[in-house]
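Shared chain: chain A. Partners: chain B in the first complex, chain C in the second.
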Partner chain A sequence: MRGRPLLYTSYEADSAMLPSASKKVAMGVLLLVAFTLPLQLIPGLKWLGSNPWLVVLGQALIFAIGALGLNILTGLAGQVSLGHAFFMGMGAYTAAILGGETGRGVVGFGLPIWIWLPAAGIVAALIGILVAPTAVRVRGLYLAFVTIALVFVGDHIFRNLRIVSGGPGVGRTWPPLEVKLWKEEEPLLAVSSDGSWFGIDFSRQAKQYIFLLGLLIVFALFHKNIARTRLGRAFAAIRDRDIAAEIMGVDEVSYKALAFAVSSFFAGVSGALLASFFGSRTPESWDLVLSVTFIAIILIGGAGTTAGAILGAFFVVMVPRLVENFTRLLGELTGGEGVLAAIANFILKSGANDFGLIGTSVIGPGLSTFQVNLLLYGLLIVVFLIFEPLGLYGIWLRVRNYWKGWPFSY
Partner chain B sequence: MTSGVVIAQIATGFDKFLNALINGIALGAVYALLALGFVLIFKATQVINFAHGALAAVGAFLTASFATVLNFPGRFLPDMPNWAQWSLSALFAVLAAAVVGLFVERIFIRPMIGEPLFSVAIITIGVDIILRTINDDFVGQGARTLGDPWGIQVIGVGNLFINQTQIVTVGAALLCFGLIAWFLRSRMGVAMRATAFDQEAAQAQGINVGRVFSISWAIGAALAAVAGIFSSMAPRAAGVTNFTAFVVFRAFPALIIGGLDSVIGAVVGGFLVGIGEVVIGTYTAGLSGVLGVGFGLIVPYLLMLVFLFIRPYGLFGTEEIRRV
Partner chain C sequence: MTAVAERGETEARQTRAVTLPLKVRDWALRTPKAIAMREKDYGIWQEITWSDLWEQVTAAAHGLLALGVEPGDRVSIQSEDRPEWVILDVATVAVRGITVGLYPTNPESEVKYLLSDSGAKIHLAEDQEQADKVVPILSDLPNIRKIIHVEPRGFREWRGDDRFIFWDDFLEMGRKHREENPDMLEDLMSSAEADEVMTLVYTSGTTGPPKGAMLTNANFDFCLNTLVSATDRLPGNILPHPGDQILTYLPLCHVAERIFSTWTLAGYGSVLNFAESIDTVQQNLREIQPTLFFAVPRIWEKLHAGILIKGKDATFFKRIWFGAGLRLARTIGRRKVANGGEHTLGTRLLAAIGYPLVFRPLLERVGLRRVRWSASGAAPIAPEVLEFFIGMGVPLYELYGMTENSAVATYNPVGRMKLGTVGIPYPGTGLRIDPETGEVQTKHAGVFKGYWQLPDKTAATFTDDGWLKTGDVGEWVDGTHVKIVDRIKDIIITSGGKNVAPSEIENKLKTSPFIKEAMVIGDRRNYLTCLVGIELDTVGDWATRRGIPYTTYRDLSEKPEVLELVQKVIDETNQDFARVESIRKFRMIPKELDHEDGELTATQKLKRSAMEGMFADLIDDMYGSRS
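Presenting the complex of A and B:
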């Protein structure tokens, strides 16, 4: 049977995590590259290992964890949820109460990460279970509206529970990303300060990146294992035809509750990490825009697939930064002479009468970088849905299949 | 965002209630207009239109530019009274918004016919982001006044204070409801109802379903624009801002309470939510220590959640029948 990668002779082989040898090798190489990125070993990827980019990648890793969660609920179980931000906020504030410090009008117990991180997930999951019965009663698009309501009610609670959130526009301190046994001064594993790990000097950003990468791998394995086992098949059955699933013995109520619980667990952890990573989040940040971002991530990446959710997260987080760099590059080019400068001048808008698309300041004429990002983001959602409903994952499949059959077209 | 509680605080007792009720009806008219446009689009094309708020903001911005900056068509009709000039500007803005709606349908929605409803709904989120970003860029920071001749003038009847804009709002809303009622009985309206009932059967009867789609989006966008205009006027707002589009999020509960696919439900739900928001907001304003500041703003959502548990398909919505 060797050399026939698509021939599976057992269920185990068919549902294996990495079904072929080439996939195992590719995954190994990918992980190696990902982990050694901060060391800046690979010539072409050195820029990606610089500190500013490691912060971007860290955010992408956190978003990937959240996206995997939404992917279970929306991609696998087919329940449209616009309430992901609410669960993230719940997780974040659970973490803040348990792991944060008391002071400036907010409470916090200062407990270590191995308590606040799982607790953030568990509390969010419990709230997910509370919400789930609504999802059984309210179907399809009505559910989207219920989950929007969650975001707004949550927003109101977060704003007004000043003792937890610090109040609108103010925010609070968040627990740092440090691995401690208990409340000792010297952390067991210092993640949020420069220093050496295993004899190699790492910057703070590099350490956080590696730590978050490790967490993402754990959650990706968790997600993949849900997707390829009994639970995932039950979710898919509910997604594809709920009534048929019920007839086959898939209990709709409990599986939907489970989908909400697992999804919210991911969201809670992701929210806690996000707040801890940036160290400043006001109560307004858990809003509908964040929920929509996650919907966009799984759609752009490819709904229902593990790789898609992660790809989507990286794409959505990194594109704005690329646009920013592009605008800066244009600004530098306009200073020079020649064809490039002329083109840059054409795109960039500096004065009121200057024809151009991208403005150089936030308030001045032309679209600001932020607005260009938004515009691009909207366009990406539309373009992907119209032309490639399977998202980035679908593009990858097409590329792969092209080379698989090469030089034949199929 | 506009505040939920804009009440003459001097009034007490029954007058306080009446004042809240009047404010609620005026707000409800805006919600009802938004919900109505939304329902028309949903009924005819099965699309949940998350870009509705953006269309409302576009309408309000166009009115602001037509009435103030461009003075169109007022500059050609200098003898007309102010209110008529402004109304014409608003009318042209609404028509322009309808054209925007047509384009949105043609470019973004038409290619998605036959795709899952969820995908189309998410596309409209993308459209919303695009429209809103462009519109916000035109609006700029701060508020752009609509230049309406009523401003903050108030009519006082005893202890009651009614903004002139509120009377105009309710009047315009009633006019729109009348027009829609008339339209739904016209030839095109019947075609739309037939399409809503069964697309294929309608097509077999010779109805141009594509045209029905276009027209329903144009009408939906026009209604959204009217709502956008009146939601960015005194006393609720100083003009169009970058937040005008978000008014639609508080009209969503109206949709669900009325039922996603019911025209009457949208109107009833709109007024229910508007009155509920203002009246409950007024009477809970003193309890902000317990319920939090701005409790009135989430009242629509709480109402919606309660309604969903009692009637999952809204007051007038059709119950989904599940067949094996």
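Presenting the complex of A and C:
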């Protein structure tokens, strides 16, 4: 009924994605802003629509898809997995074999995206199902160790299976993001080259950004629908107490297998997109650091929530770039005068004898921006786990609840 | 009858009366797809349309016929508020039977009295708990033919026992009967007479056993027309309509809730929303956000105390904000009350500031934001509580009426309300105050037919010239408004010969959020004393804040700090009254008062004589030793 947000007369309304009119409007505005970002229409956000930043955003979108996958497994079903990079690699190489070109010692069938992208997900999902029974036997920390093993198994295979991966340090090329019907020359939808869509000229980066944004929306809906229906409730029951879940009639073995399968599907697709987006990847890139990055994403963003996973992905991908820009800004400031210059000088380490935290030269002394980023991750994970287990989304919830409870506190 | 004339001379039969089922049927024919009721079940508000409702009513009515119910037979219902209550009520009147409502809290002994006194033929016991009260005494109730139960749970041991029938089976039986006798119900409904009894409403019985007041179809008709449509009863004179939401949560066997819920549903098509239970009322209020809201003073006091406590619990900044809001509400409330309940230019400005900042979100949280008219009745309420809600922007009016006059006596009209009075008599009704005794007396078509099988008692409630004696002492305020002083029987005459109305003092005491019960004593005594019962939630909260440990209700009551707290409340109250009316001593009631223990009536009113007997030692203690 109008104006009575708490009056639910059906379960559909109770579990609706956007339960109120204001939420619908907010989501509409958000999507509109997101899609028109490359057009650089909004005064304060023009910089985000520039090509270098669109590449960063594109990567964030792909990471978001992967993070949504891990969120199903870790956030919803409560199974800590450090093997996410392995599943991503599996998806990526499946895509490479099916969609890539033969040459330079590697094989590829040159099939179009509508085959290699789903296949990347399906192959990863099947491997996920194979792994799942371990999760029934071991829990928590032990499961994390078992899944670490996966990363090393994968690392070994990718390094040595040169006919697929191209070998360590060399890598291979991936099929570009291009929608073709079959193997024709002119793609149906050219995503990876400059050109015009609907009469508007877009750069390659802008097109990829829009394409990936569309994909993320599809996967986010998929994720949200899993989370708010029977499947999601079963996952949550297993997360909260697997024995209690079994007593309620949730079959632990099959639901854990399902969690692994769905999560790996997302990972496979995300891996394939990542490789395709950057064009080339070496076998070493599917390592433990990548897995940990995804854990960081969902912990910082907020485990178990759709918005949290997406928020976390953007945060984790964009922060290093912001730190980089910040360092560059500091570098420029040291040349100037006044308080700001002094502060900048204090933080930066320009030579061996200069006091400071961040080094400006490429090789030491001081921490490189990369190292600063790693430190920042660690710090953020610790801080979020201790103070805000629900992550960035939790902060938002807290802010919202403050106003929702007005003028009371509960 | 006026309704007959509307229907046209040709089809109308002279005896045809406006009845509850006919009204319901009209709605079902006019707006079959519209929502008539909602009940929260399995976590969501399940909706019942008018056509569904009417189908179930006819099925239930035929079910009653199949069970052999004849015109004039009594059907009793002991259940929490739920759609089945209303359905069976309407169905009973449709077959020209008489509905008898029992409180779900009535203990076995009272159930036995009520069922044997009314001679009910069919009894609805909601669940196993209610059935357990009837089964042991069934051998003493020869009239009972069948016990209908709505909840299947717990009836396993009686499966195959033909004294019981499950609600769904009962409806199924009715549907079969309906197929076989398609015209039977229609004939019965249209043959109902205006002065036929439709329901027995048992008085709460503060003194002596409950008496069954007989209300007729004519009373129903009069009540709908007079009570609701009186000028300025509702803001803007907008009558209740199908867009209005009502939360049904007070016992339906009480005349106030029956009129406010069932009769308003039938008469004006307003949607009934059944609260899950009395404990979830606050939650349900928030969900439903009713537009019309009726509550007894106890509920208003609880809402009031709840708001104050929650405000105190808020974080620092919110607390400051909330405090400012309260002060603003108090100012607005005082000025509005002085202006007959209407805004002045000044209060309108103040409200325009306060509404978006505090009142709107606060009322939304409490569930009163969409209320367009609300009322307090059935017991006296403290003016401070009324003023508080009026200041917040809740259009709240005090009403007065009783079972015996179909709750038609006085109302506070919009724009002409007077705080502390129960308002003006309804237009077209007779109300007078006996110059000698000060008793309020009424005379109109809503006055009941009499007490069930008690002609002597009936005769005693009427004056020689046919006016109904309400038993309340009242006085005129400014010649237009009526102020109720107290029940005649409760008036205290001290040994000094001074008349004191205890309820005035008691209500003043009860405005404190810490005090739940108060009983002023002093009849034929030298001075006034008081028995006090604390409100466990608020005093418990207060004690926790001060780090005072406690275990039980009794333990908390007897803490010296709590005694001090109560003493402070009493001192404050004493300042508002004359010296002879001040309370000299008080004692704490060592337990929470309860209906089942016989200290309260089903409507939570004090049974004074019972209390005096039960706590005689405490009372003697207050008057015994001179200190």
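Definition applied: the second predicted complex is superposed on the first by the 400 of 410 C-alpha atoms of A that agree within 3 Å, B and C clash if a C-alpha of one lies under 4 Å from a C-alpha of the other, contacts with A are read in each partner's own complex, and residues count from 1 in each chain.
Note that a residue touches a chain if its C-beta (ideal position, glycine included) is under 8 Å from a C-beta of that chain, and two chains touch if they have at least 3 such contacts.
Source: prediction; values computed, not measured.
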- prompt: Between chain B (first) and chain C (second), which does A:139 come into contact with in this model arrangement: first, second, both, or neither?
  reply: first
Task: Quick one: classify A:409 as touching chain B (first), chain C (second), both or neither.
output: second
- prompt: Between chain B (first) and chain C (second), which, if any, makes contact with A:339: first, second, both or neither?
  reply: neither
- request: Name the chain, either chain B or chain C, that contacts more residues of chain A.
  value: B
Chain B versus chain C as contact partner of A:378, first or second or both or neither: first
Task: Based on the superposed arrangement, let me know which partner A:153 touches: chain B (first), chain C (second), both, or neither?
output: first
Message: Output check: A:292 vs chain B and chain C. Expected answer is one of first, second, both, neither. What do you get?
response: first
- prompt: Is A:200 touching the first partner chain B, the second partner chain C, both, or neither of them?
  reply: neither
Query: Of the residues on chain A, which ones does chain B touch that chain C also touches?
result: none
Statement: Residue positions on chain C within touch of chain A in the complex are 38, 43-47, 245, 286-289, 310-311, 313-315, 318, 321-322, 325, 358, 361-362, 365, 370
- request: Write out the stretch or stretches of chain A touching chain C in their complex.
  value: 1, 3-4, 6-11, 13-14, 405-410
Chain A residues within the chain B interface of the complex: 80, 134, 137-142, 144-146, 148-149, 152-153, 156-157, 159-160, 243-244, 247, 288, 292, 295-296, 299, 363, 366-367, 371, 374-375, 377-382, 385-386, 389
Chain A-touching residues of chain B, taken from the complex the two chains share: 48, 108, 111-112, 115, 117-119, 121-123, 125-130, 132-134, 136-137, 140-141, 249, 252-253, 255-256, 260, 291-295, 297-298, 301-302, 304-305, 308-309, 312-313, 320, 322-324
